[in-house]
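In what follows, structures are represented as structure tokens.
One chain, subunit A, links the two complexes that follow: it is found with subunit B in the first and with subunit C in the second.
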Partner chain A sequence: METAPLQGAATTKPWREGTEEPFVRIGRVTKKFGDFTAVNDVSLDIYKGELFCLLGGSGCGKSTLLRMLAGFERPTEGTISIDGQDMGQLAPYDRPTNMMFQSYALFPHMSVEKNIAYGLLRDGMKKPEAMEKVADMLRLVQLEKFAARRPDQLSGGQRQRVALARSLIKRPKLLLLDEPLGALDKKLREETQFELVNIQETLGITFIVVTHDQEEAMTLSTRIGVMDAGEIVQVDEPPAIYEHPASRFVADFIGSVNMFEGHVTDDEPDYIRISSRDLGQDIHVGHGVSCSMGQRLWFAMRPEKMRLTREKPEGVINAFPATVQDVAYMGNLSVYRVKLRGGRVLSATRANLTRHEEDGISWDEEVWVSWGDTAGVVLTQ
Partner chain B sequence: MTGVIDRVAPLRWTARGLKWLGLDGRGLVVAVPVLWLLVFFLIPFLVVAKISVSEAAIALPPYLPIFDWDGIVATITLNLGNYGYLFEDPLYLRAYMFSIRVAFVSACIAILVAYPMALFIARSPEPRRSVLLMLVILPFWTSFLLRVYAWQGFLRSNGVINNFLMWTGLIDQPLVMLQTDFAVYLGIVYTYLPFAILPLYANLVRLDGALLEASADLGARPWATFVHVTLPLSLSGVLAGFMLVFVPAIGEFVIPELLGGPDTLMIGRVLWSEFFSNRDWPVASAVAVAMLVVLVVPIMLLRTVQSRSEDG
Partner chain C sequence: MMRRSPVLLTVCILGFVFLYAPMVSLVIFSFNESKLVTVWGGFSTKWYGELFRDPQILQSAWISFQVAFVSASLAVVLGTLAAYVLMRFGRFRSRALLTGMVTAPLVMPEVITGLSMLLLFVSLEQFVGWPKGRGMTTIIIAHVTFCMAYVAVVVQSRLSGMDQSLEEAAMDLGARPVRVFFDVTLPVISPALVAGWLLAFTLSLDDLVIASFVTGPGASTLPMVIFSKVRLGVSPDINALATIIICIVALGVAIATFQLRRKK
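Up next is the complex of A and B:
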């Protein structure tokens, strides 16, 4: 196999510089099914070599957007172009894209080999040449031994790799993956995630992945586009999506979060204070926020960024007394449900650093919940 | 359920009796069709088979018994001559061959007509699909005999079709259509078309739409998708539809009788004249048994192909 230039998306970040021409341009695309608007005025630029994840709950329009890129659905309004070429009315078989289906959609009456060769043969490639390419591809996805098998004689993981191989064989400019790991069990999913990233980096093909699994999106992608109710609510790199969510929806959808609603009581250039009914005292935020006095806003606190202690911590402004209600042991960490004096229940996690923590915090204990003054996120929408 | 059976005494006794016979609930479910086949298929078949090896006679019934017991000696007379006769007289062989040909060609035409119709119905949105299926089955609400008679009215020299063509001036002499082989093919295809459509429809409606999308996505134009995906995956439906036309068409009597000419020699007609005109029940029975054997071969073929496609 020829060695494709290593186009590891991690090394370059064209979306930051804005000098490179986007590879996929989705311009103000809307898709309506009757009265229902599945995709609402979405604009998105995706760059060459990216592994872009469209993340959202079911019915958020992410699959419809993917299907419009593949050509199975036509946008009601707006334009889609790939590599400078307008997709307009192009049929799926004329597009430089290939898709890996959620159900894999392997042809049940064909062997693994024939499934993978299908795209090449339909393009009029001679059989010996096609079979050579298929053999290379089988090696890439480690399925050499299964070439003659039918799809129903394969395990879920093997089928997933056949589907991947079949969609990669034509070296599409853009590969669309619809929940590529959805049908695999957790262990296999974790292994396959890294394999997928490796293959993507080896071949340098641009990937767009649709998923509802935020962990999957975090691990795989160069950037994530979070969708809700047919709209893109935030596009950013995975750490930014997690640490700097743009809205309550994103903060809540990605990971778990404790959300406090409140209003600004002190607005200084280098700090603000927020009063929330759930807490006995104001929250101190150690950086400036563009807001006005008395404005309603939300404070989002990730469970792993909170500390639980028996004693009141010294020199920490945001410390609140609480009672432990519940402890869920998860192996690598424990999740604590603690009840504040005002009745509000928060969840906080602690990494299980040692194997035996006999005097660990337990049920019904009186504790202090605290966090640093830059640990939370202030959200205005 | 068990509660009711336990409480009501007659039910309990029946249940016990059945259990004693080795029949539980599952066995009972199977027992009903088995009993049905035994009473209405196997026993009549054995009667026909028995008659086919007896000797014709001018009597009532018109054949001699094969068992004879004069009080001391029991004799069984098997007359295999009836079968030999089928081979001696070329009439029978010709009738068999012609029947198979007519049935085969009709079944092929029926499939060719039925496939696009079944595909269209299967791809229609749900509410319209039921209406279209209804329309396919609708002709069954009228008597089959009436419908075949109606074709006479269409195909006659002064029938609807000829009158129309003469009126348009396309022809000035009526076309001879009635009492031809063409009319027989037409009648059979028309009558049995729903039997070809329904299994094909049942097959095509199950076809996963994602497979068609995958095919298009990989560069196949609609025709290539049909040839490489839709058609191969619907082969079992094609075969079932073919058989459902082919098998009854072989023994068809009414259609060749009403629409065919005097030389349309199908086995059903031979059987009829042997039975009613010649009153030669043993030969008629032999014809029937031989026909069954002819039919069993393609059915067995169908079964092996179907089970193979199910095994994958």
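Up next is the complex of A and C:
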């Protein structure tokens, strides 16, 4: 991924060493609304300076968890502490956190300047001093010219930056961002992602970002917590989430994947073989997996890790004949939908490396789909 | 340009004629020289002069204005509080019942409201000694009770359309709930407060039935005076009075509309 250099937002990785005290501790938190359990027994440690993404589909409980950190909701069970301080019954206005809302929640009757100054003035700061800080902040988010405007006179991207400035002005220990880029169009979203990471690095504030956009999570975060049905299903660094998903849900949710269901037919210390009804022959996995003979499991194959060739590749065990059904040209790459002999349709991508590929693989061609013996992931749940 | 259907045009014209013909004739006849309301006797503004020399009308207009002003203001305060509690205190027991009860005066026949108010005031005077006798105070109290319901409905709809994260954002930035209400909630719902106030003011100014029940000697409102005058035969000065009222209302609506549009 071209955004790889950003993924070292925190230069150290305290979650790997386990020596540093976590900055935010969420301990066995459950939140129920009547009979509905929105967040179910979630425990999570987040370290100082992290940009942590909570990723999940709508209704997975990620926003509820964020609102509990901000103090708008109280956990039904469990504890939350920030910087060693128990949040317990603390009201939102007493917490060392600030939040950037999905709707931005800019006060419509106040100018940009007054919106940003609001938090400082509520803390009893004198007006001249507050205005000085506001001016600094406006410079940081490049909105100096818009200080006197009202929110409804700004574009979406400008509003987003005002909301960010307002939530940063008090230098919170922890900044909570609810879908911070959700309302922006694609181009602006990409630019803003980098800006957000830069600001986070400049200020050194710990960020927790809620998003349903996996690309956004990948680009921004030091670590991602994937949520499903109120539970955290995997917490890891972005490359690990992508390359080593812990379950079928994560593999499927992050990126696209071809999933084969099968059972173990050969279980050796240095390789296993999986038989799947979709494929005419067994899948060969070139490393040991802790499983037993005959066990049901799933084999996940990313589209970009498969190769498409006209000739059967030499020396590759996992090669399957197929027919090209569809080709979608995306510019930087092409997505092929190929039909295996058994009828199963897979998607495979090819990078468009040259500008003129007259003899590229096309519709209705007979091809071979192949992959290396460590290219896929074996999932047992 | 699209051709307009002649049927639609006719219906439209008829509708407006239906709405405005009575008012237009009233305005025209207010400039009538003749003492007979229905016979045109030439142009004159004498009834306007007559009107301003009639102490009874001037006094009742002043009373009506005071009553409307005070009761609209009180109704806005109480109605807003009621709406805020119903919208923001989450789900509590009997919320549906209370919501229904707040809006009940909207559908209550005025005669019943007036009668019940009268009974209340009589027994209050007997047992508590307040309000002493009936007059402007009792009219104001009675008007507040039914105007408040209108204000509550208007404010409630505005509150339900308001993005609640505005209030959360203020709280998140360090404002305590009371502060949040005055800094954020109130400014955001202010158009509804203005609308509610205007509505309450008009309703109070307009009310004849309830006021007749709860009034006392020396506190006749304008509608009561007009009504009693008309019963003795329509006199042309009432036309003049009505014309003035129409002008004031039209001016008020125009200013309010203009202000709201400029704010946007």
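Just so it is clear, the second predicted complex is superposed on the first by the 371 of 381 C-alpha atoms of A that agree within 3 Å, B and C clash if a C-alpha of one lies under 4 Å from a C-alpha of the other, contacts with A are read in each partner's own complex, and residues count from 1 in each chain.
By definition in this document, a residue touches a chain if its C-beta (ideal position, glycine included) is under 8 Å from a C-beta of that chain, and two chains touch if they have at least 3 such contacts.
Fair warning: this is a prediction, and the values are worked out from it, not measured in the lab.
Undergrad: Should the superposition on subunit A be reported as showing a clash between subunit B and subunit C, or a fit?
TA: Aligned on subunit A, subunit B and subunit C clash with each other.
Undergrad: Just to be sure I read the superposition right, which of the two partners does A:118 touch: subunit B = first, subunit C = second, or both, or neither?
TA: A:118 contacts both subunit B and subunit C.
Undergrad: Is A:288 touching anything from subunit B or subunit C once the two structures are fitted on A? First, second, both or neither.
TA: In the superposed model, A:288 contacts neither subunit B nor subunit C.
Undergrad: Under the stated touch criterion, which partner chain does A:150 make contact with: subunit B (first), subunit C (second), both, or neither?
TA: first
Undergrad: Thinking of the overlay built on chain A, is A:72 touched by subunit B (first), by subunit C (second), by both, or by neither?
TA: In the superposition, A:72 contacts both subunit B and subunit C.
Undergrad: Of all the subunit A residues, which ones make contact with subunit B and with subunit C?
TA: Common interface on subunit A, subunit B vs subunit C: 70-72, 91-93, 97-99, 101, 103, 105-109, 118-119, 122-123, 166-167, 170.
Undergrad: In the complex, go through subunit A and note every residue touching subunit C.
TA: Result: residues 70-72, 91-93, 97-99, 101-103, 105-109, 118-119, 122-123, 166-167, 170 of subunit A touch subunit C.
Undergrad: Mind listing the subunit C positions that touch subunit A in their complex?
TA: Its residues touching subunit A are 163, 165-166, 168-176, 179, 183-184, 187-188.
Undergrad: Can you tell me which positions in subunit B touch subunit A when the two form their complex?
TA: Interface residues on subunit B, with respect to subunit A: 208, 210-211, 213-221, 224, 228-229, 232-233, 312.
Undergrad: Which residues, counting only subunit A, touch subunit B once they are in their complex?
TA: Residues in contact with subunit B: 70-72, 91-93, 97-99, 101, 103, 105-109, 118-119, 122-123, 150, 152-153, 166-167, 170.
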